[in-house]
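In what follows, subunit A forms one complex with subunit B and a second complex with subunit C.
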Partner chain A sequence: MDRRQFSKTLAAAGAASALSPFGILRAQSQRLKVGVILPRSGVQGFIGQSCQKGADLAPGVIREMLGVDIELMNADWESNVDTARTRAERLIQEGAHVLVGPFDSGAATAIAQVAEQRGVPFVINIAAAPPITEQGYKFVFRNFQTAGDIVRNGLALIGDLFRATNTVPRTAVFMHVNDTFGQAMARGIGAILPTQTQLPFKIVETISYDPAAKDLTVEIGKAKATNADFLLLVCRLNDAILLRREMVKQRWYPMGVISPGSPGMYEEQFFKALGKHSEHCISNVPWYNPNAELTKVVEKAFLKQNPKDKLVFHGLNAGFTFEAILIAADSYKRARSTEPKTLAEAIRQTNITSKMMLGGPIKFNAKGQVEGIGSACLQNLNLVPTVVLPQAAATAKPVFPMPRA
Partner chain B sequence: MDPVNVANLALAGVLTGLVYGLMALGLSVIFGVVRVVNFAHGEMMTIAMYAAVVLFTTLGLDPFLAILPVALAFFVLGYAMQAGLINPFITRPEHSQFMLLVAVAIIMVNALLVIFGPGARSVQLDYLLESIELGPLLLDRGKFYAALVACAASAALFAFFRYTPTGRAIRACADNWLGAKVVGLNVKHYYAFTFGLGSACVAIAGCMMVLLVDVTPPLGPYYTLLAFVIVIVGGLGSMAGALLGGVLIGVSEALAGLFITPSAKSMFSFGLLILVLLLRPQGLLGRRP
Partner chain C sequence: MRAKILLSILLLVLVFFPTFAGPYALSVATLILFFAYAGQAWNVMMGFAGQLSLGHSLYVGVGAYAAAGLYFHTGLGAWAGIWLAILLCMLLGAAIGFLAFRFGISGVYFALLTIAFAEFTRIGFDHIQWLGGPGGLFIKVEHRTGWDLVNLRGTPAMFYYVMLALCALAFIFCFLLLKSKAGYYWQAIRENEEAAQALGINTFRWKMLAVVISSAMTSVAGVFYAFYYNNLFPEQIFHISRSIEIILGPIIGGIGTLFGPILGAAVLILLSDGITEGLAALGWEFPGVKQVFYGLVLLVVVMFLPRGIWPALARRLGVGK
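Entry: the complex of A and B
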């Protein structure tokens, strides 16, 4: 075979592979490599591990649903934003077709920059800071509420809670963790609360604290001194445990502890660490629809992988992480390619109606943000996070004011 | 501002400060006698905290009961470390000592990471969520007991150095190393003994600290820095200064958090450090060199 013949044969083979259905099959038989980047250690370690459970069950469920093979490439960003950046770089170097994670706004911001520079799609599972999808990024997508949406939905549910329990608290002390997420939520509350004229309370003091704090005696002492009717709290997990312990020690019994949309108080570790003192805390957060078909499938797979655990303790973390991988797999199936630009474009065209989490279909707007994700009011009852509002999804009635433990 | 609340927080600051003081006491004792600054001090306390957690989770041993075995083990560890590792560096330049102990500290942190992982560990005891009512004041039960132990351990250490022949011999070695050798004291042994005592101090502080905070490997450098701030404020080498420094830092952090902002807590203790360095470089109870 001379050079000319060789070129002709090569061109013919290329055309055939591009046009034939066998080419399509070959693309489909390729595995989608999903770089899952989570804080599986450090201060956010427990939440990262909770998210990981949603990732671990995804390949099996998605293979059954879509016939797509997924290879998870797990990375731990150790609750350190700098590590998040380097882990994302490494995952891309090792061949990840898409990144999923990272349960934190600061880390999401760092990974988004890497993904955008390297041109690899990044589907955010959980991170609420609005600027992440305001940068005009082409490869960054978020299937989670922004801080503004969380606050708006969370405050609306607080109003519903007061109406449902015929209570009229007049004052709140607002405590928030002083990190990217906490600051975004604080800004959201500062901007949205004054417009919610139906809410009967005003914030008498705002106290921010270090997310890695080892002792919150002073913070709780200061909050107690305000004599506020209830504590409005934007927290993480470890600090939520510290705060609740300190409230018990300082014998501070407000009407309630209500999060307008933050992690911590519905996590398994919160119940394990505090026992009866975890009771009646309230979190208004994006949550899964227990009646959805997909939820039942996921719950079954979850129990198979974690026989001693319950999905309800990982609802938000596992649910959104699973959905992020589902988005990637669904896009890959439609794109029939792992080529980053094609995959990103397919993600942009996503329209998943059969989903697990509350709210409308998964559809990205021009900024790469899913709109219309719903929230639920969860109250810790009998050591289980229980949906108490909205009434359509509720499995118990809300208890407010909280009784003394 | 409610005066009861201020008093409550100041009291909490005193109690935490006493445990800080006990931790720093170990550093001060070692420097006062051996003239070596232990840059692995916080890491040693973190190891003691893990030891207390392991004894609690495996044997159900309350950290107050864990004090004895952990302190004993740390005394032996400290003695061996001084005799086998640090002693050859005593006459070497200070930067060599610094590098040696920083290396030891890094090895300790990484060993803890390998053995226990980076997640937080704690002891769960019912009484740690209780408070003692003292008129209008509320005392955190765990902190109160920990502070009592810190006071008892400090008093025992004072008494040891003042009233026992070994204590007097160690003070002699600290005052005049050559003179002590001339009169036939085994200086190497007493140095190692002192390092063992300082390590036992830090072990007791670790057993108490685990009642107040959850332990993770990266806590070590934080506590090393805190111990330095305390002994510099109190006076490096002064045992009473270490306790005073601990209480001052504890109270100032509590009150700064209350009157300014909680985020200013650490800023305030470092501000205090700078103030002391400017106005009284030898520390509040330290002797002029």
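Entry: the complex of A and C
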């Protein structure tokens, strides 16, 4: 092939691929095509890939459970909202019957508009901004707690923890990252904590810090000086590691380190980096019920697909992504149709009682929001995040105050 | 003459594009036009007047929040908000320009100043609860089948045509600017500021004009963004990555040219989507591999076409820059 021929071939191939987006329909299949949009690269890539593990195991588990054949159509929105919108358009054009994703409120809003315009059901796996389901959408559904619920449940579990351990801490020092997430959580705590009159403690000092900080000596020194009974912490992964190390260095041993709803302390890297110093930290987050039958099935499938990994380190991400696909499959089974309106109506009528994540049955309200999703009090025990509350889902008893290392 | 014919054909294709394009292609085209427009606005400052801004997300963000906030709290539509957005961004641009040019800050230091302004505005907006704070500002989404240009509510095709009109207007406006006294002064300043000063050009005044025009134009892109996506988060809209996205188009297309920002935006977005499609067709599922390909292609373009794609293409087509 000479240069000219090569150029012509390349041009023809380019034209063919360029024309493919212009509405050429492909043959319909009997399978439910689920468009999974996750941030598998970019700044949220780590979380997106964790969610993807839940999606990857879904077709096998659901085929066994419901007899529904699922075809996953994966799309990476690259942690970029502009891309999220175009990826959603692309998936719908390629024949996705339902969309699932995207682990981000901004992306969820962008995709929701596309889903609504095109009349394709969209089941949100993880995104907490309350307005998403306040827009009067007909095709948008969310099986995740809103930001307010996360804080409310997280604080309520702190009360449960004190009751379960017969402790009455009176003071807390509140430390939080000063990024968007940390500030939103801090505001939520500021608004909700005064309404939780059953909680015996008051916050004696609030200390914010940079999520990219390389040294937290001053902040921990300040926190220690308050002599507070425990540390209420809103963190991310890297700063949580740094902060815990600094606590050990400064020999600060409060009754506990408790997060009312943030990532960081239950993640695998936290255990790998800190070893025994990761022990007894507590995170109150939406989580799966380790005792549920479905969890055991999912865990088995997870181990088969990821022999070197553990479901417990992907609990929130993989769990909610799996459940979002389960909702779609269950609705498809009842609707016996992939026609969008029929499928959306079936999703609205969902009532899944045998579920993986904590809380009541999966039932959508008129706005398309599942209410009553529960949180778990996760305590790091034996280098694994372990559910210690609520009691019905617990696999161990809470240890509070935390013993000195 | 040849340039006019080619431009007419392109315009014709773009006008009729929604009639044969699917929704996906339309959304990609809208994105291209958005970045082409924002790139054109940035080009006024850097391409024409030689002032490097790495913080243009500031004007996109402030413009977006101004119009969206007005709509959210008072119900006044986008075409009312656009004036507030322009006014605020002109004032901001003037403030930055004054600080920099009055005290002789230029080059990379000026670029740093623009980043700093964008960054502390982002932090500031995180604390404005009236505009949603870090939790984001969500505009009520209404599903409409018709076009409501006054409130910028309507179908994806409407948003496409709005962006197309903005691009066309920006193109004409920039063409007129380049041919005006300001355009010649800016180019003189860009090439050699001391020489321009020696010729009696009030460089402070003309650089200020470039900054103010560029910021005002960019704010309009922000208004569009707010009503197209219907949600704004300070973390996303003011982020430096958005500024980089804006300037990549003109850099790849050709800085200082009229057609460079349009061509650059088209090449970048089509390349990005093309690589995604290509990898999907090959069955490759490696997250992040696209970015590697994307980076490599950009590297090749920068190495072999350091002045951008358009000047080389224009030469081949036998048309002016």
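Keep this in mind: the second predicted complex is superposed on the first by the 259 of 405 C-alpha atoms of A that agree within 3 Å, B and C clash if a C-alpha of one lies under 4 Å from a C-alpha of the other, contacts with A are read in each partner's own complex, and residues count from 1 in each chain.
As a convention for this text, a residue touches a chain if its C-beta (ideal position, glycine included) is under 8 Å from a C-beta of that chain, and two chains touch if they have at least 3 such contacts.
All values reported here derive from a predicted model rather than from experimental measurement.
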Inset, instruction - Quick one: classify A:Gln196 as touching subunit B (first), subunit C (second), both or neither. - result: neither
Inset, instruction - May I ask you to decide whether A:Thr171 touches subunit B, subunit C, both, or neither, giving the answer as first, second, both or neither? - result: neither
Inset, instruction - For A:Tyr137, select first, second, both or neither according to whether it touches subunit B, subunit C, the two together, or no partner. - result: second
Inset, instruction - Go through the superposed model and pick first if A:Gly45 touches only subunit B, second if only subunit C, both, or neither. - result: both
Inset, instruction - Determine, under the contact definition given at the top, whether A:Ser105 touches first (subunit B), second (subunit C), both, or neither. - result: second
Inset, instruction - Considering only the touch criterion stated at the top, classify A:Tyr209 as touching first (subunit B), second (subunit C), both, or neither. - result: first
Legend entry - Superposition-derived comparison: subunit B or subunit C, residues of subunit A touched: C
Inset, instruction - With the two complexes superposed on chain A, say which partner A:Val81 touches: subunit B (first), subunit C (second), both, or neither. - result: second
Inset, instruction - Scan A:Gln183 for contacts with subunit B and subunit C and give back first, second, both or neither. - result: second
Inset, instruction - Please work out whether A:Thr217 is in contact with subunit B alone, subunit C alone, both, or neither, and reply first, second, both or neither. - result: first
Legend entry - subunit B/subunit C common contact set on subunit A: 41, 45, 78
Inset, instruction - Note which residues of subunit A are touching subunit B in the complex, please. - result: 41-43, 45-46, 78, 178, 207-210, 214-219, 221-222, 224-225, 238, 245, 248-251, 273, 277
Legend entry - Residue ranges of subunit A in contact with subunit C within the complex: 14, 17-18, 20-23, 40-41, 45, 48-49, 74, 76, 78, 81-82, 85-86, 89-90, 92-93, 105-106, 109-110, 112-114, 116-118, 129, 131-132, 134-137, 147, 179-181, 183-184, 187
Inset, instruction - Enumerate the contact residues on subunit C facing subunit A in the complex. - result: 20-28, 31, 126-127, 129, 133-136, 138, 140-141, 143, 155-156, 229-231, 233-236, 270, 273-274, 276-278, 281, 285, 287-288, 290-291
Inset, instruction - Under the touch definition given earlier, write down the residues of subunit B that touch subunit A in their complex. - result: 1-2, 5, 8-9, 12, 16, 117-120, 122, 124, 128-131, 138, 140-141, 212-214, 216, 219, 253-254, 257-258, 261-263, 265
